Amino acid sequence: MNLLPTAEQLHIRDSISNFLSAELPATRLHKAAFAHGAAERRLWAQIAELGWLGLGIAEEVGGVGYGTAEDILLFRECGRQLVSPMVLAGRLGAEVAARSGNRDLADRILTGAQPVVLAHIARPGAGFPSGAASVQLIDAAPDDLALAWSPSGMALCNLADFATQAQAPGIDPTLGITTGRTERFRPVAWCPSVTAPLPALASILLSAMLVGIAEATRDMAVNYASFREQFGRKIGSFQAIAHYCANMAMSAEVAWAETAYAGLAWQGRAGDYASHVAASRLLASTAALENARLCIQVHGGMGYSSECDAHLFLKRGHALAVLFGPMREAWSALLSLNDNILNLAAE
Amino acid sequence: MHLEFTAEENAFRATAREWLVANVPRDKRPDDGPGTREFDLAWQRRQYEAGWAGINWPKAHGGVGLPSVHHMIWLEEAGRAGAPPMGTLSVALSHAGPTLMAFGTDAQKAFHLPRILQGASVWCQGFSEPGAGSDLAGLKTRGVVEDNCIVVTGQKVWTSHAHVADYQELLVRTDSSAGRHAGITWIICDMKAPGITVRPIRTIAGNHHYCEVFYDEVRIPIENVVGAINDGWRVAMSTLSIERAGGVAGHMALEKELNRLIRFADDNIDDATGEPLLRDSRIMSELAELKAKFAGLRALAYTVVSREESGVPGPESSLLALYYAELLQRTQRLSMQLLSSDCLGGGSAQDAIDRYLQSFSNTIMGGTSEIRRNIVAQRVLGLPR
Amino acid sequence: MNLLPTAEQLHIRDSISNFLSAELPATRLHKAAFAHGAAERRLWAQIAELGWLGLGIAEEVGGVGYGTAEDILLFRECGRQLVSPMVLAGRLGAEVAARSGNRDLADRILTGAQPVVLAHIARPGAGFPSGAASVQLIDAAPDDLALAWSPSGMALCNLADFATQAQAPGIDPTLGITTGRTERFRPVAWCPSVTAPLPALASILLSAMLVGIAEATRDMAVNYASFREQFGRKIGSFQAIAHYCANMAMSAEVAWAETAYAGLAWQGRAGDYASHVAASRLLASTAALENARLCIQVHGGMGYSSECDAHLFLKRGHALAVLFGPMREAWSALLSLNDNILNLAAE
Amino acid sequence: MHLEFTAEENAFRATAREWLVANVPRDKRPDDGPGTREFDLAWQRRQYEAGWAGINWPKAHGGVGLPSVHHMIWLEEAGRAGAPPMGTLSVALSHAGPTLMAFGTDAQKAFHLPRILQGASVWCQGFSEPGAGSDLAGLKTRGVVEDNCIVVTGQKVWTSHAHVADYQELLVRTDSSAGRHAGITWIICDMKAPGITVRPIRTIAGNHHYCEVFYDEVRIPIENVVGAINDGWRVAMSTLSIERAGGVAGHMALEKELNRLIRFADDNIDDATGEPLLRDSRIMSELAELKAKFAGLRALAYTVVSREESGVPGPESSLLALYYAELLQRTQRLSMQLLSSDCLGGGSAQDAIDRYLQSFSNTIMGGTSEIRRNIVAQRVLGLPR
């Protein structure tokens, strides 16, 4: 048991972090031209070449052969720089293709030839992926594949299957949202959760992205509080501000520790991994939203300006939190509630 | 202690309600840009022409001359009728007017007060600076007395509605050798004066409600000084305490908001249970708690008005603005939670999203909640600094 | 409309406050001999003579002829000094007797000849006061009458009707708790809520007592923070402590304003008084418990000592909050929920 | 990053589990009075005799000499088996022992360490004073060096278990001319020495877990000084950082508490709905949130242990104690809420009431949550003082 990254893992994280700081810094999103995944799309071949989309996928199916630990390190950095969920869709899509035996499709995704985007289904039907559904596509372009999931499994579909229309920006205008409707899903690849619980992996990687937001907003607040002066003192020396920052540090660290735990438990298919996936979801989304809120408050009038980065993190945090699906599923998993029977882990 | 209004007050309420129902503008108020100014001025003119402007302003200053309780009744009825907020006129009506009445020269009063009441001028507040937000006394914008002018150079920030304002309540440092609170002067600044550059700032809610204002040797006539030169801190503090009491007006808007939310929770079905969201004990209890806090807010506002009537100052007005800001923010946060599954793409959730984002300003603008708590601790409770 | 006490009301409050500070200060409860209503019982004749039990009761039925405003001023002071709920039982019992036409009983209660104690029914049956019931008697002695209520009305009963037994101390050992059980209520006086909504009045007066607790703990904390020094400074100058105190002031003031509003609305039988009664209940109980908690925290190690008064207020706050009955009733009243129909006040 | 334990660690866990199931005392631990001491010492002796005492203590000091991860496994298994807490031995095992190992003389180590491991001595911690709680460096208890003794006069307070202790970690001011942090000396005080008066204080939970200790010219041999004279601040700070890391032990007890609460909510019917309390979405969501926070606490504790193994210090241990204290307090508060309708008269609610009241000490004792937040802000985040 060791929850700390190895030297190799730290090296991977640093190289990811360096690339993102240089090529996709969060501040890019103040310019509309870089939003809606445009910047990511321009760098897509490079992102694929860096191996990010296959980082945690086994070598025998074309992946890089690392594990969930490396995946969550990657997506935490993606969260810190507000990278489009396209990367998440690509990572998961490649695995769906590989697991469903479509090695050729997996290769095209992993090499960057076939971009994948997320198709969020707010209320998946019981028959998913064979029934009708309404989806919200994120940062989609015409020739992309769409990745959708419900608790029963994860599917890749052609965008052409959906009657789509652009949607007014919601909470996060830096994401391009298209609504789509299909009367009948015709997935090009399908991985049921009994084969591999990929929806749980999606939840873990979303948590990692939210931890990235929680950490980025903590760092912004601490940095601002360390140089901004009022009443002749650095504002970080005022207890109200200092304690906000301490709370931000606490929730970010706890959320990260639990997301790491959940990732490792999922990879080892530990008996209780579902409750850890739910716990990391709750902790990471609360940490992201609360830290973003406090980051705005610490910045005062500056924080209420769209010129400050803080609101970008707040808005992305809300958008990512939606993708987890109904909160009640997380509560049930945490309380081991099945068919009205309380099923506590043996003590 | 009594809750009943007098027969005269009830009659005033009835008349006000009748007039408001017939006269409240039906078209949607533009929330951004110059249209906002024109809309707000038109609504103010309409009130003025019907004799409803300046209800609690003394008759000598062109007001109706009624007590605070009438003003509160008016605000309640305006809220109930869905009347527009004071909006861009808020500084003029709630700060500049009362400040001029207390400290202005006869000439200043004669010129400005009628324009404010008649809906002919928009004011903004030039107090905060990049280095002086919570710490207002740290302001550095320089005012040099030259001939019959004060020549102003410097910068203000977070100035609401500066891009559509005619005049500004401007604080400048006219004596930098004096203490932090001494050496500050309060002047009326004509926003069309040469040397002023206004840059609207986009807020996180996407509108342009506030601005940076740059002053490059702006010459302001010395007769525009309100109070005495170097006595501006005292004048400004009196303005700020008026602003804090202004929270009384907020409670009707909040009630509407809360009722909207309760109705939403009653109209919408929880997928997991097939019951209205409102039947979910978690949502029920949170909405009930907000309703209770709202009731407390209104009772506190009534206490503030009672206190104003008695003329004896009390602790409630400092608390009111703080409580209102945090309750409004919490209400909007719950609203976002209820709508969260729909917030990815705009549609029906867009209004709630906008109000949620706007509510972040409530605990920042006009004094952060942290500064307000300091004030309660030190001035109301007498705790040591 | 004026929510401030008149000069006469302030005078009444001061005389109550002076009597209580001298004769029944909260600190008495550190000595077991003064607990369980013993101190109040010794002073009972004097309390009756001061007119407290009939303060808000009409003159024509033997009361003093003031109103609910004076009642809540009285019970706020009782809360501040942790006076036994006997006084509340006496006040309400006298009105039940008077309203049910038993003028003689009302007189005996008002003159102090007949003490009344509270009989709390956690789960009153629908047939109250004719069915069976389990009660918890507070500070009872053998010859007392017991006052019980459900939403349908308020009843006075003989203690002899109950098979009683002393109970282990619960959250508040300064209250003497006896459990009682009767198979059939035989009230000696009964006032249905349609005649006079006395259960709502009971709730308002409990709120007033809880506001007293919220204020007393606020004052204790502010006082301690004003002289206690650490790190060479008064601890009240540290923002963490100062902001706790500001929060305590805010919740106490708001709870008091709303309790006053509810009392006046009840007295005038305003159409929306039930929602104000519920609001004052929520605000006052939250203020009392939260202020007592913060009062302990501000006092640090001293606050965790039973020698400090803070815990007496915390414990009494919990005990009084129980007496309101199920929280769901308050939520329903606040949301105007009746028979599954949302019934918002006309806008 | 990996979650699996080694085969050797798993074998250790299995052996520990087997022994604990067979040996954990079946009789209830007295929570107050001298019986507590005897119970705790007997349980420690039992562990010592079976070779389980001092799992992470070096072999040179009589310990088992295993890494931190084994110690954590032991604590987890002890919690799972319902073993008693360290209780009155907590200072001896977690503070005094490690401090003597790091700073004690050979004679001190040879005398005290075996007694601690064997369950022969109880220690208490004489740090806080009436005027020096959060501000430990403000301590005033005087130590005057005279002949071969330090003569101590003054007062300590909030000293847990002083009335049943044999020895005390005592901080005294031996040089009042030096700075606040200089001039402090750490000494081993024999609690039976003449001149010591111990007054147990009743806590709000009704027990006597802490005391005032008065010193009237108590003569303590100079060889009892740990570290050097006037170097006690450095010694004490190292003890405190050990105490903070000790939070790792808490997570098993909290899990039991939380599971008890969930089971209660599942077993008890909500009068209003006829369903188990756990089906009420408000209660369900609160319990789920506490479960999630508990999972986070354990993950954080695992990170702390991982960090200890690596030898590289990290931010997590300062956060752990703070998070644990507030989570425990919140859990007990929810427990009181669920039981609130029954809390008037004791009965079945009494245990929950006692645990609730005890939980108030968690955010006060061993450093208030406010001081812990200062430490996080300043030492972990590097914010200015």
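We call the chains A, B, C and D, going by the order they appear; numbering starts again at 1 in every chain.
Keep in mind that, in the parts below, a residue touches a chain if its C-beta (ideal position, glycine included) is under 8 Å from a C-beta of that chain, and two chains touch if they have at least 3 such contacts.
These numbers were taken from a predicted model, which means no experiment stands behind them.
Centroid analysis (C-alpha atoms only) places D farthest from chain B. Between the interfaces C-D and B-C, more contacting C-beta pairs are found at B-C. One simple way to say how far apart two chains are is to compare their mean CA positions; for chain A and chain C this gives 52 Å. Averaged Cα coordinates give chain A a centre that lies 39 Å from the centre of chain D.
Residues of chain A found to touch two or more other chains are 238-241, 243, 328. Multi-chain contact residues, meaning those touching two or more other chains, occur in chain D at positions 281, 284-285, 370, 373.
Every residue of chain C that touches chain D in the complex is listed here, in rising order: 120, 122-123, 136, 138, 167-173, 175, 177, 179, 229-232, 235, 238, 240-241, 293, 296-297, 300-301, 303-307, 310-311, 314, 318-319, 321-322, 326, 328.
Partner chain C is touched in their complex by these residues of chain D: 128, 131-135, 138, 157-158, 201-204, 206, 210, 271-272, 336, 340-347, 349-350, 353, 357, 360-361, 363-365, 368-370, 373.
The part of chain A that touches chain D in the complex is made up of residues 1-6, 9, 69, 222, 225-226, 233-234, 236-237, 239, 241-243, 245-247, 249-250, 253-255, 257-258, 260-261, 264-265, 268, 270, 275-276, 278-280, 282-283, 327-328, 330-331, 334-335, 337, 342, 344, 347. Considering their complex, residues 1-5, 9, 69, 80, 255-256, 259, 262-263, 266, 278, 281, 284-285, 287-289, 291-293, 295-300, 302-303, 305-307, 309-310, 315-316, 319, 322-323, 370, 373-374, 376-378, 380-385 of chain D touch chain A. By the touch criterion stated above, chain C contacts chain A in their complex at residues 238-240, 243.
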